[in-house]
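Next up is a structure, given as structure tokens.
Just so it is clear, A, B, C and D label the chains in written order, and each chain counts residues from 1 on its own.
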Amino acid sequence: MPDLMPPTDRTSFQAVVGFRSSAPGTHASGSEARRALVLQRYAEVRAHSLDRAAPLSAEDQCVQSMPDASPTKWHLAHTSWFFEAFVLVPHCTGYRAFDPRFFRLFNSYYEALGPRHPRHQRGLLTRPSSAEVLGYRQHVDTALVRWLRGCSDAAWATVEPLITLGLQHEQQHQELLLTDALHLLWCNPLLPVYAAAPAASVAAAPRPARPALDPLRWLRPNAGPHPVGHAGEGFAFDNEGPRHTVWLTPCEVAHRLVTCGEFAQFIASGGYQRPDWWLADGWAAAQAGGWQAPLYWLRADDPRLPPLASPASGPGFASAGVDSAAVDSAEWWVFGLHGAQPMRPDDPVSHLSFYEAAAFAEWASTQPGMAGVRLPTEFEWEAACGLPGMKQTHGAVWQWTRSAYDPYPGFQPNPGAVGEYNGKFMANQYVLRGSSQATPSGHGRPTYRNFFPAGARWQFSGLRLARDATC
Amino acid sequence: MPDLMPPTDRTSFQAVVGFRSSAPGTHASGSEARRALVLQRYAEVRAHSLDRAAPLSAEDQCVQSMPDASPTKWHLAHTSWFFEAFVLVPHCTGYRAFDPRFFRLFNSYYEALGPRHPRHQRGLLTRPSSAEVLGYRQHVDTALVRWLRGCSDAAWATVEPLITLGLQHEQQHQELLLTDALHLLWCNPLLPVYAAAPAASVAAAPRPARPALDPLRWLRPNAGPHPVGHAGEGFAFDNEGPRHTVWLTPCEVAHRLVTCGEFAQFIASGGYQRPDWWLADGWAAAQAGGWQAPLYWLRADDPRLPPLASPASGPGFASAGVDSAAVDSAEWWVFGLHGAQPMRPDDPVSHLSFYEAAAFAEWASTQPGMAGVRLPTEFEWEAACGLPGMKQTHGAVWQWTRSAYDPYPGFQPNPGAVGEYNGKFMANQYVLRGSSQATPSGHGRPTYRNFFPAGARWQFSGLRLARDATC
Amino acid sequence: MPDLMPPTDRTSFQAVVGFRSSAPGTHASGSEARRALVLQRYAEVRAHSLDRAAPLSAEDQCVQSMPDASPTKWHLAHTSWFFEAFVLVPHCTGYRAFDPRFFRLFNSYYEALGPRHPRHQRGLLTRPSSAEVLGYRQHVDTALVRWLRGCSDAAWATVEPLITLGLQHEQQHQELLLTDALHLLWCNPLLPVYAAAPAASVAAAPRPARPALDPLRWLRPNAGPHPVGHAGEGFAFDNEGPRHTVWLTPCEVAHRLVTCGEFAQFIASGGYQRPDWWLADGWAAAQAGGWQAPLYWLRADDPRLPPLASPASGPGFASAGVDSAAVDSAEWWVFGLHGAQPMRPDDPVSHLSFYEAAAFAEWASTQPGMAGVRLPTEFEWEAACGLPGMKQTHGAVWQWTRSAYDPYPGFQPNPGAVGEYNGKFMANQYVLRGSSQATPSGHGRPTYRNFFPAGARWQFSGLRLARDATC
Amino acid sequence: MPDLMPPTDRTSFQAVVGFRSSAPGTHASGSEARRALVLQRYAEVRAHSLDRAAPLSAEDQCVQSMPDASPTKWHLAHTSWFFEAFVLVPHCTGYRAFDPRFFRLFNSYYEALGPRHPRHQRGLLTRPSSAEVLGYRQHVDTALVRWLRGCSDAAWATVEPLITLGLQHEQQHQELLLTDALHLLWCNPLLPVYAAAPAASVAAAPRPARPALDPLRWLRPNAGPHPVGHAGEGFAFDNEGPRHTVWLTPCEVAHRLVTCGEFAQFIASGGYQRPDWWLADGWAAAQAGGWQAPLYWLRADDPRLPPLASPASGPGFASAGVDSAAVDSAEWWVFGLHGAQPMRPDDPVSHLSFYEAAAFAEWASTQPGMAGVRLPTEFEWEAACGLPGMKQTHGAVWQWTRSAYDPYPGFQPNPGAVGEYNGKFMANQYVLRGSSQATPSGHGRPTYRNFFPAGARWQFSGLRLARDATC
């Protein structure tokens, strides 16, 4: 598989950007140091997109597996289009487009910027090729960096927020690039591997047959008035503000995520056959989609698996009242970035829809010692996020909350076309909090509001339980 | 058109129920008075369902115009099934079903009670006939009233809440009966009339060509912690509780509803052609459905209208900063229970989806003096409901709020199968507050939470504006 | 259930038409006799439509069970519309329409006559009521008969072919009225009965447990050049001509239809599980529709059946090489105009799609002594129709042929709008020959070409086998 | 764009196959000469598939533009699978599969050979890569050629027909490879070019502004009994036989194809707005698909076209009674293998559905001197094929006939799984005769029966007119 941007090219790209390995800002005025810092950040983020695409062939990068997903190549082009559309074209006099037709091809949903290529046909764009898209990226990078280094302070003040927004936007697409590529590989009966498993996980040193249990503990945020939302320092998306007060009813939030082993118990209890545990829309979706397990789970006898499957065994629901021995985890494998692997019972369960998360919680509330458990609201999650003992808030899986994605009081979208970003999707979506293994490093925040429709399953999405404090 | 229950029958029915015109409870013990009161209420509510069906022919009562709607006959049968399934069968020893097959035919969505007739095929049930369904109602009424009058106090204590719930349930279906029938009549190019217009509206006395303006006034509920939800006295649905505290950010709520004239301005401003005013899902729904106006609006040159249309003129957006003269209301007619009528600019606009309500608010916020207007949250609405000067909270149209239909903290569905009522629909729906012209008298409450999907347009649904207090 | 046209009304209607029980034409000139004959025929055909509707309630007559079917009321109105549109409006000066809006409501597919009510929404027309539609029929009948009795010979010569065509058209709708109504009743889990079973079939005299076999015999039409198509005498549709020569390859045609018992053997042999016996489109249709048997067959344990089902037994494939004992016919019931009845093995199988007929023939060709059997072409069928020993050509079920519905050489549609009748459907349809138990008496002919899409199952449609003569 | 099989590889591949440029068979026995001839043919056909793929990038070769089309890579693999499945696996002891999983991936519709990868998901197979598929082809070629050169005469006699069938099958896919790739390129708003236009068409030498007319001439095949179908010599598909007699009614067939200029007249006459010229299904398809012209036609102001469009002008309907001057051909461009080009009025019209061809003929019959023109039947076409003066029977466009794709009398599919080829598609398809510019050289025959559903437009499909001789 080709590395789409050879190391030499990447070096010369960084030469254009002009940062060095020495710490930026040491020999410059505050303003220059600020520019250098932003430009270094720009170079790093832009390069990381290519790193994520590197394991994928040109064919992999071109195909769209479903209307909700986009091709890798499209992500790479669209994130460049963002800088072109919002910075270069409006602000950089004399900028010449790499190809004016790309302006329409790689717009996503900004109605204000004119007609777009239809979303469900992104996978038909075999041209421009991956190589041409890399050329487009380099063209944008070169033009942008040159201009940014030379522009006036006034111009800089105008565009710096757009650069920052563009990089945050690119990081969001970096996550989608992975989840979309994983879905494509999943659709292939050969179950191809995105990246070889890290050495540790295939090492000779055997994993313990039964990892130490981590029984559920309940953490209690302060009840009553509670400030939520982003408070000024550092970047945040418009949908995280304004910071405001909510009133928290007494509650407890689980200190860890729900595990694969626990979810396997739900399945074994008939979770996918019992409508009374499901929301009405969820049951309809499960029936229509033939859901029997999380999206990427396979039964051990699935013909797509290699013949000598030797699954791990492990604990079930590791809480006081739940008998984990009842679960035979041997029957499940899980497909992921490293290909299909035996299900590991202590891993956080992932690739759930909101509906499955809610049904799991409903079932769990029928288990001994678990009365009243449910999904947390997004504010309960946020209030509990920094409590001592709280684990797995970031870097594992996004965590469905019971909160519909509604605007905060006083919410104002960003002005102009970049405002077509978060606000226009505030209907029929649910909030996920935290971040996942696919989230770029440093992109998460306690106030971050991710959102997807209730039926979406192809993200790294799981859940954490909560309950009323008086239960 | 036949009156499906002749007056004589209705009288004998009331004889079975046994109430008299004398005030109930005057000559009985407290417990007996209570029974008499409930039975009188039972008789009234049950009779009112028949009153609503009376203007409709057997053919009208049989047909289903879309999967979301149900035939009148089905409403009449299903509301009887409720009493049979939840009271007579479990509690009344010796009860003999009118027809055991109806148990499956007229179940709606109670998964716990076994298989159901598919919702979208309710209109195929030409048998049982309307006459047979009336017989079914009488059978249930007779059996239930006889049993209720003779049952023990303990049994009464058990079933009284179910009777009350069943009557509230029937009132909900009374509203749906009307909205569903209106949709059916709308699908007929002859635009039949459900009921002759009340004398007042067709009287010789001319309506003023331009009614007195009622300029928008803004009422301000107290900010900070605020109790919401039902507080114990009288009946409420499970989704109205528990009563709890929310924190209100300072806001203002309009003292009246948005009018047809104002909505016509939105249309005239290109409201249905401008994606930037719409939520993304809303724009998609509007395009897919070809929406150009509220559901039942017709242009004056529509071939379905009678030839000599002479529409009224009237005011537009009756607020300080909006020029109402710009609106030519002459072009619109509105279909309703009295058939097609010229649009009356001062009537509350109705038959909007949540999407249209939200788009209207977005447009309105661009009008002079209207910066920042938006939909209220359901709690802002509730807090403002009883404020002095507040108008049209009940009896006109349901009012879309910006609140997704999520459970209250500590929400518990009713136990048993009757609990499959509100909680299982808490996804992908938005809350409407107030009540409409189709809501049975006495059915509304300030804490009432009606809910529909964001694209639903066939209810009597409109909007009231709000804004942040600091705007 | 109301008889929608009481006997007294029918008598007065016949009084308007003016014929008497005495033989027409005996006391009049040839031309007058001809008019009298046509008017008598008109009265009979028009009355027969009402006879077919009589067992159906107003609700039954209003509902549309699927887009392919039309409500009874629509059939009654549309057949009247035909006379209004093609005779009264163009030819009868001074004719006043019953309701001008019906012109659009009851047009079927005549594009030349302007916009139509959408086909799939015919069932939403609860107004006009059945009673009003009867009034419409009487209005048309009265106007037409009055005018026909007084019009000039020249006018008569012009319209007589249209009257004849209109009556043939009405007879076609009489058949559809029955098949569409039967489909509606089938969609009702109560399985209502259109008409009580004829006395003979429920009589005390027991049917023989095992009827006399009627083993297949093969009849051989002359090979070589063969004239086909209608030859002038009497009425025929345009698609039956012109008469022309085809060249017949030597073949043999079965003397009787395939029976239910034989088809049950196909099912028992895995007929609905074996793609190799099916056309590719047929297999796809069977999978998509979940087909497991002919449309109206029910397994004996179907919950819709009455509890005490006591099915008949009977023979299987009654040919030399097929072991009929292998079939357990006890497991099937068949729904029909008399409700659900135990399957009778010697009845012709009915309610098959072309695909099922073709798959059956493919399976049958694998049975001993049946090598090479297949469906006949429409010309083989026509050539064999009158051969000595040929049975069940008319009055049982329509018989799928292997012939696509293509135009004959020299085919010319009727001129004008009435020409939008047969020719425009000559794509993606297959020819059925013969006639069925639902075909009005006297409507069939050996040259008659009925046609339906290959997946249509709601007609009385079965099959007759054929084979090459040299096999 | 990479040439996926470099010249050196192709040479070594031919070395494996072992043929030389010297004429085969000169120095060998008859049997050996026969083998050499077949092997040479094998090498040529297999290499030609790669030639057709060569202009396409790996990305182009991977994507599927619609369910009806397949990716280039899939065609290349599936045609290899054919030899593996029908020759190597059953006959060549010791054959080791390149990858056993390909057996399922690259099966097309042979139900007898087990489960298949779903047709509409062929484009999701980014793995195996194009390079791996080329490896698969070479693996199959090497194994097959080695075995064929050494196998016994008896084995040769068994497999030679399968080799021949496999090569004919591959030629069919060569045509589909082109038409499917063209459709993919069409879906790209950049309108990429498959192959640079041949020098002649872009030369400085100007094309004559108005080419010489070729007025329609009518050729008359003999009427009466006529033998049709394949008669033994050389290869033919099973659906071309058996040869048999049909009876031809006197007719005339046009000596040339309908041109683009003539079709533009149809459009200008409102052809796509007049339902009376269309079959009912055709009108529905045209409305549903928004058809306004043949599939690949663009108006000159289409934003996808280069700015300086300078279209050709040219003649219209070049027959006696048709005024060709009425057509402004300047408004149309046509997309094809050489990209978008101004429409050339004298080119045969292409990329029509059967419905459009039939509607054109209906319209043409209303033009002066053209009364009664229509599509020919497939037998009229075959009878006229070799007549003196007949032009454009092969190599231009496939020609829709008025004949549904029904089996010939006595038709027998090939035995075994290869028989799942033509017969199972004999429903809902129409016969096209001749061959197209995309048909591999030598693949056509006068008896060849191509077939597609009536709505298919992405083939090189046009039409030739016919009429009854007595008109």
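What we mean here is this: a contact is a pair of C-beta atoms (placed from the backbone, for glycine too) under 8 Å apart; a residue touches a chain by one contact, two chains touch by 3 or more.
Treat the numbers as computed from the prediction; the structure is a model and nothing was measured.
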item	value
Distance in touch steps, counted as few as possible, from chain B out to chain D	2
Most distant chain from chain C, judged by the mean position of its C-alpha atoms	A
Whole-Å gap separating chain A and chain C, where each centre is the average of the chain's CA atoms	60
Computed distance of Cα centres, chain B from chain A, in Å	40
For chain B paired with chain C, centre-to-centre distance based on mean C-alpha positions, whole Å	46
Touching two or more other chains - residue numbers and ranges from chain C	none
Chains that touch, pairwise	A-B, A-D, B-C, C-D
For the chain B and chain C complex, residues of the former touching the latter	57-63, 65, 101, 104-105, 117, 121, 123-130, 184, 187-190, 192
In the complex, chain B residues that touch chain A	109, 111-112, 225, 244-247, 249, 251, 275-276, 278-283, 354-355, 358, 377, 402-407, 409-410, 420, 424-428, 454, 468, 470
